[in-house]
């Protein structure tokens, strides 16, 4: 059967992954209310399409932080991708490159910065940073990212500790022993081993620095000239701080609903962020993107590009690099259709009034 | 068992149609959110009926674009009706005629303009137009429509390409080989053949002109004196353009939720259109009409007539022309009951305040 | 198993009634949206209870149109009660009398006005009136009601014809042949016989006068001194007309959601009616009452008393007169508990602010 | 399987308790609408988390009425805990003590004030008071509470009688004969015996004084110097009276949805109470607390501490004292995560703007 939408890839992946990994990938925090909301909230937004506009040629290319991209969909950082498929991060990044998308490598990857760069030299790569208690570790990661040709640092701000994902605790999640956190050596590389609960949470609790504040952005900026992007912002207040402390952009995100339940869907939080800083910073979004019209809505509400997390992992699980390629092509096609059928030739034609909340239609 | 409501016809049709055709008829775009919403949105509207008015004689006749009709329900253009039943477009149109309704023939019909006209001479007929890249084709269609006694041209504005209907791609939909697009010759007549995906989408992508704009209405108007109706308008902005470019009317429609998902239900979009142009243009609606009270609501919110798409196809599938006759009679009966039980003797008695959004009742 | 709530009686009745009768009793019009809403809408209202008020003695007696009653719950007119149980209208009325409630006899009863009066002499009785094309018939009914000691005339305004209840058409509903419309003779008594569809609808269509208007209230008033109550009012506009034409009261009702679907729940329509005429007319309500807190809400929003339709029929079906007695006692108990637990000693203590729409709680 | 959330304890308890007891514990009043709403309403509130704040050390200690506590979660009074497990109230109170929580003993406990105090000397204990018709009984309870080192009196205001819990009536609930209401002697101790319906309701109806009013607070205050807390307040109006009559605090509560159905969820009622008296009285809340983010929301909306009722009973049923310990530790952990992931170091950092109603996100 042909795979015609992201859900089809998801279904395939569910049959391929073993429980430990599958639950790790799909889980959200707590009761998983926000996990569902990340999708649901898109359905509460309506498109107001415009017709009889020339859409014989649709151009969805864009420029993000000086980088020319084929379309406004990149791949969000997700940890430990070799659990999904041996192609792992390299497969994912290559597929992204072919599609003209950004790939963001997680600190907690099963492929090192250097191997990723060697494996996917033509992809536009960003590096996602977690700050370790041992600051010299972080400093080294930054230096390596610079050398390995990564174009931006994505500082994840929403994870001083990891959220409570019930299945991971029940499964006593640990990284299969043949895999490593490839950016590290020794204990740090092999540390995602359960000490009774979720191995990844225990690792994070022991290693990450939960005391970091906005001032640490200053510290990072004095280390590097790479643009710094704050990932995980959900409020206008934090977006304003990101601007104040010199971030180049923000990713509106709730970490795939994995950190703390009942936060807003990312698409719910986007408008206040875009209103607050959209003129000054590059506002981006991830969370729940599965269709062309999701992408359109995010752009209409102020995002310059969006990222997908789980969908890419599912493409990978389904069929390695070529699974991700196929998935991106399905999604790209769907977005182009959305552009045509809303009357938009280029991304600049996506105007705010083209997306409204459903409550718009309660007034007769 | 007697068929007492449109759903009953639907159920019957579902047992009669084979998968390729059934899926083609019933599908909506994407996740089919708007498909459900087209019905759901009617339920969010409440009738405020008035009593002790003389309803011993209810008159639901109306005049649309100078044409006297027995009631304000016509048949929307739907492609390839012979897939549903050998009676095809002629059966459908004859039933419409008997009921005193408008029948709109699709460009993509399995009966030619001329055969339709010959088969259903007494029916008030409109012709639905798609504009082909080869403009002379369109020009010829217009000429033939004039000759074959069609009374209006319905330009479908929401389909520069066709929407992503998942089942059609999965089924690799194609028109059964014994049927043709009867308004055309050669490849154009036999072109709904899959090239890997949905055959109809591939046909449309290769043939329809996606570059048309409101200015092409001017081009059409210079070709013909037939009134031009823009079908597929979902915003006040586009309705205003329709007026500006000389359309005689608009059909508020989301193409049966088949083009792009998460657009508003047609009944949601109706009020803004009616407010913007209702005094100047004939505002009409299709999408989700299945009951007498749906018709009533559309009229109360500004439509002068409504159209049904799938229901007529289901009547046809159930029992050819006589299935459609039966369906129209069930629907007409139900609308007459609605008139009586809301206290309306004629369509002029349907006042805006008689239909309110459910939120009207949240204020105590 | 003890029957502890109205739902329990409903379940029992469902096992006792044969399909023709059961469907007749339980059906609503169309898709039965409003049927569900009649219950649902109560759940969208919240009680704001007050505490530490002396509720050692709760007094729920009331005076309606000069009549002293033990509590503000009466029995709505429902047709053909002997289908439910041989005790029929007399059993129902006697149970009402014991409970100190009003009983309203339907025009379409299987017990005559005279037999009802003889069988339930101590019950406060009102007579529900339909107006026949043959006005002398109606006139006779009024005279008989006066003689048989009925205290008010309840003119049902929402039924110029009967609504489309799908099951009745499917079942080709007819009154079992051993039963009669006991207020009539000959054809009129035996006329609920199917002529292809729902026998009751066909009867109504042929006999009731669909041309009546508010002016006919004047005609009625000149026939009799009995107070006239308009049953079926759903808008402030009609309530104002009821006042203008001299009605003593109105029953806000959608006829148990049996006439036209997607009208408001009665409890939704109540506030606008109470605001418009509550100071001048006795405002009452029926529709969906099944619990103590439903009664409380109706009273808080302006009703002086409420009526139950189906619940009483179900009590009757379950166990004749004593089934109704038991049901009324369960409901009374539940209402007394509601009074105690909201801090109300008498009906006068039920203040508007004690019932709010759920949206009250969306503002933090 | 590890128990990772309160629902897990609930499930375990459901397999351990026999029907009479299980139904008694879990039931709510009427249709149990508010029972569900107590949970649902939390989901309609969104967290607005703030990031890059130092959360390396989170301090959730608090001071309530002069008492230093380890965290703002106590145990609500629930009757007859020995039905759940032989450890009963003592086990529950000890677990509370270990966790640094308040334990509130019910008047209707299966352990006497004195035994509780002896069994859990180090726990901060409050005594929940019902006022009996025989006032000297109440007076004695107050004296005993003072002597047994209870630190506050919690006057339950929402229970002049008990609500209609359908299962208890169906089950003819009675206290197993080997158990007693341990604060009483003779009939009063053995009185929870069915007289046809729910034994506990019958007991309450015969013994409790339903005539008490706010003035009886004055009577209580003249008996004792213990602070008096009104439990069960659901409106600003009653909160203002609590202040006027000298209460030290109020617990916003609907008695676990057991008294009267369709009252607001406690979390819905909290804001109006906090706004009215939050500066003057200690505002607290119980009802539906099952997760860290529930606690956070209650605190953000004005509560100084919250209490859990059923969850503690389920911990007890699962494994006695140690079951409750385990449950409290799961809940504490979850709350600490919430604090970290919303950027709050201490309870003072929980600001009102961090919790909003979902409607906050309907405005684009």
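We call the chains A, B, C and D, going by the order they appear; numbering starts again at 1 in every chain.
The working rule: a residue touches a chain if its C-beta (ideal position, glycine included) is under 8 Å from a C-beta of that chain, and two chains touch if they have at least 3 such contacts.
Heads up on the chains, UniProt names are A, B, C, D = Peroxisomal (S)-2-hydroxy-acid oxidase GLO5-like.
Being a predicted model, the structure only gives us computed values, none of them experimental.
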item	value
Chains touching both subunit A and subunit D, listed by label	none
Chain whose mean Cα position lies farthest from subunit D	B
Interface residue overlap between copies subunit C and subunit D, same or different (over half shared)	different
Rotation, 0 to 180 degrees and nearest 5, that superposes subunit B on copy subunit C via CA atoms	90
Centre-of-Cα separation between subunit D and subunit C, whole angstrom	42
Whole-Å gap between the CA centroids of subunit A and subunit C	59
Residues of subunit B whose C-beta touches two or more other chains	none
Subunit C - residues contacting subunit D, complex	1-2, 4-5, 42-43, 45-56, 291-293, 297, 333-334, 337-338, 340-342, 361-364
Complex contact set, residues of subunit C against subunit B	30-31, 33, 41, 44, 157-158, 160-161, 163-164, 166, 169-170, 197, 209-214, 216-217, 230, 232-235, 237-238, 241, 259-265, 268-269, 271, 301, 352, 355-359
